[in-house]
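Just passing along the structure, written as structure tokens.
Each chain gets a letter, A, B, C, D and E, in the order it is written, and its residues are counted from 1.
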Amino acid sequence: MEPTVTADKPFCLIADLHVAFHGRPVLKAIDLSLDSGGITVLLGPSGSGKTTLLRALNRLNEDFPGHLRSGRIQLRLAGELQEIHQPEISVTALRRQVGMVFQTPNVLPTSIQRNLLLPLKLVTDLDREEREARIEEVLREVHLWSEVKERLKESATILSGGQQQRLCLARTLALKPHYLLLDEPTASLDFKTSRAIEDLLLELQENYRIIAVSHSLRQARKIAGRIIVMKDGEIVHQLDREGIACPETLPQLLEELF
Amino acid sequence: MEPTVTADKPFCLIADLHVAFHGRPVLKAIDLSLDSGGITVLLGPSGSGKTTLLRALNRLNEDFPGHLRSGRIQLRLAGELQEIHQPEISVTALRRQVGMVFQTPNVLPTSIQRNLLLPLKLVTDLDREEREARIEEVLREVHLWSEVKERLKESATILSGGQQQRLCLARTLALKPHYLLLDEPTASLDFKTSRAIEDLLLELQENYRIIAVSHSLRQARKIAGRIIVMKDGEIVHQLDREGIACPETLPQLLEELF
Amino acid sequence: GELERFSGLQGKIDIAGGTAHIPVMNDAARAIMTANPDIVITVAGGGSGVGVQKVGEGLVEIGNSGRSVSAAEMEKYPTLKSFAFAVDGVTPVINPSNTVSGLTAVQIQDIFAGKITNWSQVGGADAEIHIYNRDEASGTRSVFWKKCLNKIAIVETANVVPSNGAMKTAVANDPQAIGYTSIGHVDASVKAVVLDGVAPTQENAINGSYPVVRKLYMNTNGEPAPLVQAFIDYVMGADGATSIAQHGFIPIK
Amino acid sequence: MNRLVTLLIRGWSWFSVLLFCSALASLLWFLLRHGVPTLGLELFFGDAPVGKAILGQVRVWDALWPACVGTLLLVLLAALMALPLGIAAGIYLACFAAPRFRQIMSLSVELLAGTPSIIMGLFGFALILFLRKTFFPAANTSLLLAAGCLALLILPYLIFTTRAALDSLPAGLKMIGPGLGLSHLETVFHILLPAAGRGIIGGVILALGRAAEDTAVIMLTGVIANAGLPHGLLGKFEALPFRIYFLAAEYQSQAQLDSAYGTALVLLCLTGLLYCSAFLLHKTLEWRWNRQ
Amino acid sequence: MLNRNSGKRDFTAGGRLTSPAGRIHFPGELLLRSAALFSALIIFALFGFLAYFSLPLFIEGRLGELFSLHWRPFQGQFGILPMIVGTLLLALSALALAYPLGLGICLFIHGLGPALLARPLLLLVQGMTGIPTVVYGFVSVFLLVPLLRNLFAHGSGFSLLAALLTLALLILPTIVLLIHSQLGQVVPALRLTATALGIARERELLYISLPASSYGLLAAAILGFGRAVGDTLIALMVAGNAARIPDSAFDSIRTLTAHIALVVSTDSQSTTYQSLFAGGLILFLTTAAINLLLHRIKSRACPSGDGS
């Protein structure tokens, strides 16, 4: 089933979301409705809760000790808006549809190939050949194929920082989730590769609903259909396409806020 | 002893350096002489060997399996240029003078405070109060103090990505090495914090010899006294202050190369 | 009385070897050490072979054995001296619930040789016979094999248990069992088999009508030192005899 | 298909736990039923006055006190010998050894782990005979020898777990020390070891339990049924597991058999105590690691 | 993993870069190395000792006697083949029973069971290592053996089956704790990755965490097997000790260790006694062979040998 993004219907509704760890609030009263097409980019100072907000969407915060949440999150799953915390929703199934790439690359301590094959094997029911074809496809997409095609059997932990980051992106893409949560997907990539990934994301926005954290204004401008600015655990500003297009608004705004 | 950087004398000489892992060459025939003041910035595509070059300077490559090296590296230690591979040089002492901050933050799985105190205790002979004063000082320098001052005893692993990166930078600064090897020190920092760190580095260049990897052209322009461009394990270009200052050269060059 | 011979003596006696001896040794040690705190006596087990070896090597002052010292051992340790101090009878035992009460020596031999395999063949219920044997190191086995089984080859499927206590436990719990044990160990939990019409009791062992008996020995390496001699004398004296009888053995004067 | 595997695994893990618990429960129930009625001062001290017996002024007969002291001393001594050796060897293997040496060592440690305890006992016994004939004619089986042989027995457990705990630390952690200019030794002792502490403590607990319960080794190397409190390192001693074995094999009356269960319960409590102290130690270490 | 290829490393005192004459080797490493060497030496000492004592049998070429089927010392037959077979049968079957159970318990502790039960269960298992072997033996003599006798109406209950059930319970905690201590290190780092990919807990454990703790899995198997082979008292008390190769699980068997315990108290100079050491040597060699085999399997399974 190829997911298609239909515009103008909200696919993500967050109402009064509070998240705290060990009693310290990290997200405060987040209200958000994401509807139109385009990539949503989260901006904000370090420690402002961007990662935590992403993790709230696939319920990964629950895996950390001391986590406490209140509020509702609805995502469009199988065509309908559904509350993700309702007991009928299986966390595992949710996370299969809501893929996430972490800020720091977290490769499995095994071979490059296995890093991709294993999740495919565990999560999808592709046969061996399909899996291998899929691997090559995603590795090409993230521009890693030429660098690793001769050493697929070597350990992934010896890859360079940027290579690991692209590997993790490939791993998530291979599973073809409906949502993509990307936590600084190009942080340690050179600008050439960064641009290629940005182009890839722009292509992918046709089929995936993408929410990305970024620290680069240039990047945000280029890919964002909507920008959300966070500070101290709150959403302090939202910009739509017009706001982004205007060359002054964004830098001004950020200068003010930070 | 406060190290002072004297200009116009080379402090780092690399001659015909080859590095390979498991027989695959990663650095090829590197020749380099760094002399004047200012920060040296390494640019280059992902996987081009920047990290490996940094690691060569504090002999950290030796800690990875399958490592093979030929060629000479000389650093100015205790006032004199010395070959770092000669048997009289203790690796440990070398690494104390050549501090490194990794690309992916690697905090100790213990409290924030202990992350800083433990190395200080082991490496320096400061007393307790001096150590605590030093901690506060470096945490302020990297703009982390206000965010963590109330939770110094909490685990460092729960910090956000950018916070961890600043913590690692602080940990190295606290030891006051003579050299600073920084592998993308601002990769996951917002631009405001990035700028503050850049300013910090510009200040530090008075007292430290700094070699940094960066992916941001803007950043390289701002801080670099010299830019070294790498590709496929080789140094393909070097730019000095004039080259950097000229607004066209750099983008053009990079566009060509990549 | 008996304990006076220890007055003025001091030192230590280490004792090891046959396990059947231990209760008697403990009684003696306890009485002697209470009367004269300068004397330290320790008592260990290990089995007859260990007893002989340890005393031969000089590791202990007294090594106990439930059989006489073998020719091979005598050759290795020519200075060993043995003191027999008690007689112990060995009796076949069965589970108290078994209706059989008496067997002939030939029947027992056939059972242990594997020729009779069902209790119905010797007048009991229709049930498989479970044979329990002791290990080769056992003095009990040695005497039973010589004097009751007439040195036949014991069937290999027989279970082997490592001690008199384990034999009692096994037979007490298994209604189809047959085994053998020292008369001293027989109590209500097992039934001693009347052998060729002679009941296995202490009286019958003393008067010689019950044939399956052995001696218990204390062995020393060369002439015993005064303290050790005093200990041996004490065990073989009146107090010792009481304790020996109390534990089910027959004292030798 | 996927669902089936998932269900099977989950089912199997529940099944294992239930089976294990019921087996353990029946074992404990049996032990308690027979052992609890025998518990009391008399089990420990016989008819000797308690105070004097504890101080060692009066010899205790037919009771547990000397065996308790003997076992405690034995475990302490064995731990004293094996812990430094085993943990040091494990650290060396994980962090220092050349690959060649590592391989050979791993194999020999595995061999040692597979050596039956009774052979360790035989070894100790033969060693004494050898010493008597050569250097020390007065050598004899003793508390020291038994502890030494027990140390051999638990050594591989310590080496294995120490090495495994260090080996499986994440790679990023291993780079912290070198990156900061800590010496390899400092890295190992101040960063890697504390981080691996939990795994190592697991091995220590296993080893202590093993040392407290083994019978076959000490049987041949110096334990006896009736020694009183141990007379120094070179004296004979009593131990709880041997006492259980002895009573179980040579009991003369039902009362003696029952007291074997009482002894087993006591031994159980003793090892429980050992665990608690190991656990506390672990907690203290962790606390100090986190809070200076 | 660390520093294995770093060639020469030195530990110069203080922060000095150079030390002209005579580098000071830090004594710590030397200490560690001697500890490791000493541990290795012990093995060779043990081996030498076993070899020395069984030497007469080899020299006099009476080895054939050992490898016969009959143990009848009074008739001069010293075959220990039945004991070798018994040992292997018992240890392998006990391991085959206990290992999957142990794994199941570990998985339960690491996320398949309710988190509330995990900790108590772990404590229970840890506590269990303190139950003396002799107690297992004794309880099964009174509980398990009569049960088996009545259930199957064949044999006396003292049998391979009884011994293997008891032994499996004995080695279970060893297996659980060893696997657990490895999983405990590996799981937290990998769990987040796996769970974010939408991989269910069961599969994460099975396909990611367990393979990543392969050394612990191997150690558990080896130590578990070692414990099973080396156990003396359980076999002695409940296996029946008949010195013959069993026809079924209900038959009585004798292990080498029980054999040693039974024979050790006979006269010390006889062939009987020497055959003990030969038995010990064979036990030793058996474990060696099995270890080598496991190593082979492991190195074939993950050739890079890295990433743990």
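A few comments on the model shown:
The rule we apply is simple: a residue touches a chain if its C-beta (ideal position, glycine included) is under 8 Å from a C-beta of that chain, and two chains touch if they have at least 3 such contacts.
All figures in this text were calculated on a predicted structure; none of them were measured in a lab.
With respect to chain A, maximal separation of chain centres occurs for C (centres as means of Cα atoms). Counting C-beta pairs in contact, the pair that comes out ahead of the other among C-E and D-E is D-E.
Here the spacing of chain A and chain B, counted between their Cα centres, is 29 Å. Averaged C-alpha coordinates put the centre of chain B at 49 Å from the centre of chain E. Chain B and chain C have CA centres that are 83 Å apart. The distance from the centre of chain C to the centre of chain D, each centre being the mean of the chain's C-alpha atoms, comes to 35 Å. Those residues of chain A in touch with two or more other chains are numbered 109, 154, 157. Along chain E, residues 1-4, 9, 11, 142, 200, 203, 212, 237, 261, 264, 306, 308 each make contact with two or more other chains. Listed for chain C are residues 46, 162, 166, each touching two or more other chains.
Taken together, the chain D residues at the contact with chain E in this complex read 2, 5-6, 9-10, 12-17, 19-21, 23-24, 26-27, 30-31, 84-86, 88-89, 91-99, 101, 104-105, 107-120, 122-123, 126-127, 152, 155-157, 159-161, 164-165, 167-171, 174, 183-185, 187, 196, 198-199, 202-203, 205-206, 209-210, 212-216, 220, 240-241, 244-245, 248, 260, 264, 267-268, 270-272, 274-275.
Contacts from chain E toward chain A in the complex involve residues 190-201, 203-204, 207-208, 211-212, 304, 306-308.
Looking at the complex, you find that chain A touches chain B at residues 21-22, 24, 43-47, 51, 64, 103-105, 147, 151, 154, 158-163, 166, 183-184, 187-194, 215-217, 254, 258. Residues 46-50, 52-53, 70, 72-73, 76, 128, 130, 132, 135-137, 151, 153, 156-162, 166, 169-170, 173-174, 176-177 of chain C are the ones that touch chain E when the two sit in their complex. Across the complex, chain C meets chain D through its residues 14, 16, 19, 22-23, 26, 29-30, 33-34, 40, 42-46, 57-59, 162-166, 184-185, 187, 247.
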